[in-house]
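Would you mind keeping the following structure in view while I ask a few things?
Letters are used for the chains, namely A, B, C and D, taken in the order the chains are written, and counting of residues starts over at 1 for each.
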Amino acid sequence: MKKKIVNDPVHGFITIPQGGVQALIDHPYLQRLRRIKQLGLTEMVYPGALHTRFGHALGAMHLMTLAMDTLRDRGYPISARECEAATLAILMHDIGHGPFSHALESSLLSKTNHEQMGNFMMGRLREQIDGPIDMAMAMFEGSYPRHFFKQLIASQLDCDRLDYLVRDSFYTGVLEGTVGATRMIKMFDLADEQLVVEAKGIYSVENFLNSRRVMYWQVYLHKTTICAEEMLIRVIKRARELMAMGSKLPMPEWLQVFFEREITIADIEAEPDLLDSFTLLDDTDIWICLKYWQKHEDPILSLLARSLVERRLFKVELSQTPPSEAYVCQLIEQVALLKGLTVEQASYLVIQGTVLNAAYDPDAESIKIVQRNGDLTDIREAADLPHIEAMAKPVVKWYLAYPK
Amino acid sequence: MKKKIVNDPVHGFITIPQGGVQALIDHPYLQRLRRIKQLGLTEMVYPGALHTRFGHALGAMHLMTLAMDTLRDRGYPISARECEAATLAILMHDIGHGPFSHALESSLLSKTNHEQMGNFMMGRLREQIDGPIDMAMAMFEGSYPRHFFKQLIASQLDCDRLDYLVRDSFYTGVLEGTVGATRMIKMFDLADEQLVVEAKGIYSVENFLNSRRVMYWQVYLHKTTICAEEMLIRVIKRARELMAMGSKLPMPEWLQVFFEREITIADIEAEPDLLDSFTLLDDTDIWICLKYWQKHEDPILSLLARSLVERRLFKVELSQTPPSEAYVCQLIEQVALLKGLTVEQASYLVIQGTVLNAAYDPDAESIKIVQRNGDLTDIREAADLPHIEAMAKPVVKWYLAYPK
Amino acid sequence: MKKKIVNDPVHGFITIPQGGVQALIDHPYLQRLRRIKQLGLTEMVYPGALHTRFGHALGAMHLMTLAMDTLRDRGYPISARECEAATLAILMHDIGHGPFSHALESSLLSKTNHEQMGNFMMGRLREQIDGPIDMAMAMFEGSYPRHFFKQLIASQLDCDRLDYLVRDSFYTGVLEGTVGATRMIKMFDLADEQLVVEAKGIYSVENFLNSRRVMYWQVYLHKTTICAEEMLIRVIKRARELMAMGSKLPMPEWLQVFFEREITIADIEAEPDLLDSFTLLDDTDIWICLKYWQKHEDPILSLLARSLVERRLFKVELSQTPPSEAYVCQLIEQVALLKGLTVEQASYLVIQGTVLNAAYDPDAESIKIVQRNGDLTDIREAADLPHIEAMAKPVVKWYLAYPK
Amino acid sequence: MKKKIVNDPVHGFITIPQGGVQALIDHPYLQRLRRIKQLGLTEMVYPGALHTRFGHALGAMHLMTLAMDTLRDRGYPISARECEAATLAILMHDIGHGPFSHALESSLLSKTNHEQMGNFMMGRLREQIDGPIDMAMAMFEGSYPRHFFKQLIASQLDCDRLDYLVRDSFYTGVLEGTVGATRMIKMFDLADEQLVVEAKGIYSVENFLNSRRVMYWQVYLHKTTICAEEMLIRVIKRARELMAMGSKLPMPEWLQVFFEREITIADIEAEPDLLDSFTLLDDTDIWICLKYWQKHEDPILSLLARSLVERRLFKVELSQTPPSEAYVCQLIEQVALLKGLTVEQASYLVIQGTVLNAAYDPDAESIKIVQRNGDLTDIREAADLPHIEAMAKPVVKWYLAYPK
């Protein structure tokens, strides 16, 4: 069968099987992901971090292929149909995301989420793509009997995480966060249709979890990124309020409905137009809004929008304990004075919240190590040091951001 | 002096000198480059090629720093002011570019070009940045007495080319095009204030020219990229025609003026608003237009726009000789039939042209090798094989693109 | 000043300052290190691990140069003489090593060690090299007033460790053990002439310690390497016994004296011939012996020697608890039976011992982090998780090896 | 089937099929290659170039596996037995090499060569290894009907060359010589059982040939390496003469016969002891001789030997034309005076010769490109520039070396 090859800077040549998989990649739902950055506003801190959800989808697909090759080499039968379904599933794992995922999910799409959206969109793809989308959805949900497919798609050690760690590390330049994804996958094995890792892969798993922790603190929860995202959330919120009060804000028409209404998944199911609008949304819409709104008459909206467009980000303080209320009040007053705003207006511009991270979730399905004698152990017990135990403990930090 | 450090995936840590240089980087003219991709529509072929002119500017600045360190280590005096000016100059070398440079320059900005725009913008920065912008401009133009500064900024072996080759290779994944930029720079030397390369660097220069040739054919002149760019040019052209005929096309207001008038550099100088509009332009404006126009009633415009948004690119044929007129006519008729268009309309969709490349320009200032005895030789003569000679010969190919 | 450049696969171009440093590198004491592998018999497990102490010395010198550049860039004055002394010191840090360091130190050179030998050899170099060897020795010992030089040469975060981690990782292919050495060094700072690390380097330090731990378990204490080394120690021991009993064993004459006598550093000081012999010793001498002895009439010696030459290594078992005496006796009897040996002979071939590792030594001088406010903290307290604490706890394992 | 995995710094994890292949790797003939450096004395110039013929054999085997996977993926049937035979063949391709191949072949083994030796040794392995050695030998010789196997083992674009280019580039640090071996292999195809390269691989082939040319001039024919090798050849020659005149020279007994007699392949076939001696030979034997002989009473022998041990290499001059006889005579007289030697003795120390390289051999079987329409073209015609043509022209240089 003829194959297409794509050149990926992270994994090298990626082979795309023709047929349903190629059709899915060519579908507008997937192509839209070309215009949604994987790490949102992280590029404000790490200027190389421009990669998209589309590239990540291809990369995760590539790792899925390697994982299936490894398992087949070990003698486990995987049918061509299962293989195609797993490939389709991993490709679709992010299609429900909107632009700037965190910001939009908590503000613009607050009544639904990317999992619901993704699930609904998969249902639509079932009618349009000639391939085992049903089986892919079953794998995704975990209802497919061979549990390891679900684990390869979404677990604490899946092709999604492996690709995004190595990809995010590559594009940010945070080399401490890199992971030997292909090496890791070569140590995958099965036990009772469950995904497990060979005993000699234990240091690789530790390294993987540690990389994840490093990426959380150095990248995903970088205080300046969080600040930029919170500023964007405030933009959305302020824009909604202004519209609710009757202001007219220029914006693409397909975005408008999400500002005017709080859309639920039931709405999406009931009104076909809403999905059409959603599937037009990408990062460019938000940027256009910011460029329009930086000249808006509302001082809050324009200040926030212009600060993002020109990357004049707020000052951020990170601390191990919550800031005192008195300190926050004092900051608000300072900002009011500095920017000629009322205290109420200024309070929009003093942003606080918490970030929290645990590299390993002890309550989720655990990563299992298979010993030479066939015994299975949780990685926390298999490791010779209390590292993993330590990484299972969540770490919380408080941030406070305000205009300079 | 306090320094800021930026993590670049290509060169690692890049140190940013504080003062004028930091002020320039923080200026909206530079920040705008964050939203302009270095390689325009190349990401349609190489999905990783998402890097921006902003990242390239930082990278070229980094190489400039290395080049000055090398020359100072060799004992040539370079003053702090010269150093700052050279840094400012290389940072500003691309500020005049609009989005999708080739497409816009030949269609939307056809009466001026990025050099003129850049030059005008540098003049404006002179008033806003506290640093030797004047000296930087002199270096840029070549009027500064020490000629090697001009050569480091813009010549056949400058920091611009070194950075973009290594960066484009990194982000596309076309490893054959990579260049040991820092190694190359360590072999820089001066002879009579002219930039030359040590004799033992001859293979590195050959390798650099060869990488450039490879990147031309594999990336810059990739037939699918050319096809996408030509499609975009047709979009712009068609939109202009429709507007001229009275159609209303939705688009951001700062872009509109460039569709309505053919702006010259004299206009820019005379009307301050035009520069304000220009400095708002970036890739997102074009994408928004494409998203709007894919539903436009004009079948040509909507077909082209939708094809770009959904990445359903035309079929391209590349040949060593021009296609016959008969063949082109036949294609136009096929397209008319296929798409239900008139022959006149269809002729919009059958795109032809030539691409041409010579890796080394024998008419431009040559790359000089300094022998152990101090003699200078042109790289073409210093090389032991007629490679460079061969690369100085331009190669032409014809392309022909049409809807599938 | 003219400089020589060496191409190092790990760090790229390494510049060698001319004068005393070049003279030291050209000295036979340094050139001898070309024939001593950095990781001894590790190449039996990792076939790429062929790098020598010479390459490591150059690499550590390169990192020392970077460290001094960083500190000077931060504004700390370092004189040219201090710079040369530090460079000489790091170059000399391993000159006292013999071939297969561990095996020889514990068997052939059991009455002295590489530190004593190195120190004595530095004294000799003082007379032969035109450079500040005295100051270098003072830095080495820690008697030089500016303490950070000692720390850059020998501490828990020195140029020695940084180079060997990245080098050993590179040549073994154990990528999990890699370290961003140049990035780490860019975060070096001083506080009261003590080496400290910037607060934002905390994850890099953690990563460094973690890499070290990974390299210990994956490489330095790999059970098969330990087995090969223990086999070599048995060869040396057996050869000594046979010689003591009057057997003649072929070997290079400069090696012989180390088999016949137990040399102390006092002997070295008293008898100049001994140093001449020592400085001829390298890995090739041991290999020649093994090739000769594989045909020796003593069955123990020949079996061990042949097993090493043909890489037919013993079976190794690793355990968390010591093997029972009964199990060991049983193994000895099996080996006696299998190889047609007496129980006494067979007991030579059943090897047991322990390996032990703590990635961070809490009793040694600690790695200090400098906070933004100038406070110094031990890395154990600065880290947000009890990782480092965990790594300070030594881990012990038992091994047991015997012929298959 | 259980598989063993080896960690290679160049290619990452290499899987070793169990059975005959593992048995061959474990055979003393292959294990001997652990002690023979791939690039002989090149480590005197590139201190990292310590890799062995053993590592190269494993690497070439790995690429062979990838090549067969690629061809199978394209639908060409390759039986398990053919696969094993090809693997065995590539593993054995260098077993006939002695230490410091060039030096020994032209001096010590001047009446035979590594091909003859290798062939004879393969014949012996046939009796000892349980696997299709016969088929492997047929592939090696080209008598196996499917010609592409021969081409994968030994042609102008084979797994041998691909591995050694990437490996030599990796270990020397000459990054300009690197090659995307796995990418290259993905473009392999068959046409009539002949190995060909896909049309889009044309730049990769060009890049491969260019890398080869770069490696020739920067590494393989580096003047200092050639000088060191020529010095070693003089050592061997002088030692032979001294022995012929009755001198006793210490050396391992298995090496002695090669100094005393000029061994032919017929001798090897007739006297089994000779093969035993040959298969003990490795780099360590030569180094031991040099260490012994540096104190020999013959001034020529000791000067040469000591210069190699202490790396005090001769001065080398490289030129495009042969040096004049008068100049050479003058140098000899200078050396005689400088070293207190007779003119006859001094003439041993003034070394001259030529080096010659053509990156592409137009008389050997050509590299074929398969166009999209199925046509085959020689790479020389397929390339758009006369590069390959140029590389087919041999380049000659003269060297002249003498003591400083």
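Please note the rule applied: a contact is a pair of C-beta atoms (placed from the backbone, for glycine too) under 8 Å apart; a residue touches a chain by one contact, two chains touch by 3 or more.
None of these values were measured; they are calculated from a predicted model.
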Message: Please identify which of C-D, B-C or A-C repeats the interface of B-D; the criterion is that more than half of the contact pairs agree.
response: A-C
Task: Could you work out which chain's C-alpha centre is the most distant one from the centre of chain B?
output: C
Field: Comparison of A-B and A-C by number of C-beta pairs in contact, larger one
entry: A-B
Chain centre separation in whole Å, for chain B relative to chain A (CA means): 31
Query: Could you state the distance in Å from the CA-based centre of chain A to that of chain D?
result: 50
- request: Could you please state the distance in Å, as a whole number, between where the Cα atoms of chain A are centred and where those of chain C are centred?
  value: 44
- prompt: Among the residues of chain C, which ones contact at least 2 other chains?
  reply: 12, 183
Of all residues in chain C, those that touch chain B in their complex: 5, 12-13, 182-183, 186
Query: Given the complex with chain C, which residues does chain D contribute to the contact?
result: 6-10, 12, 26, 28, 31, 34-35, 43, 46-48, 50-52, 54-55, 58, 170-174, 252, 254, 280, 282-285, 287-288, 291-292, 309-312
- prompt: Across the complex, what residues on chain B touch chain D?
  reply: 175-176, 180, 183, 203-204, 206-207, 210, 213-214, 217-218, 384-387, 390-391, 393, 395
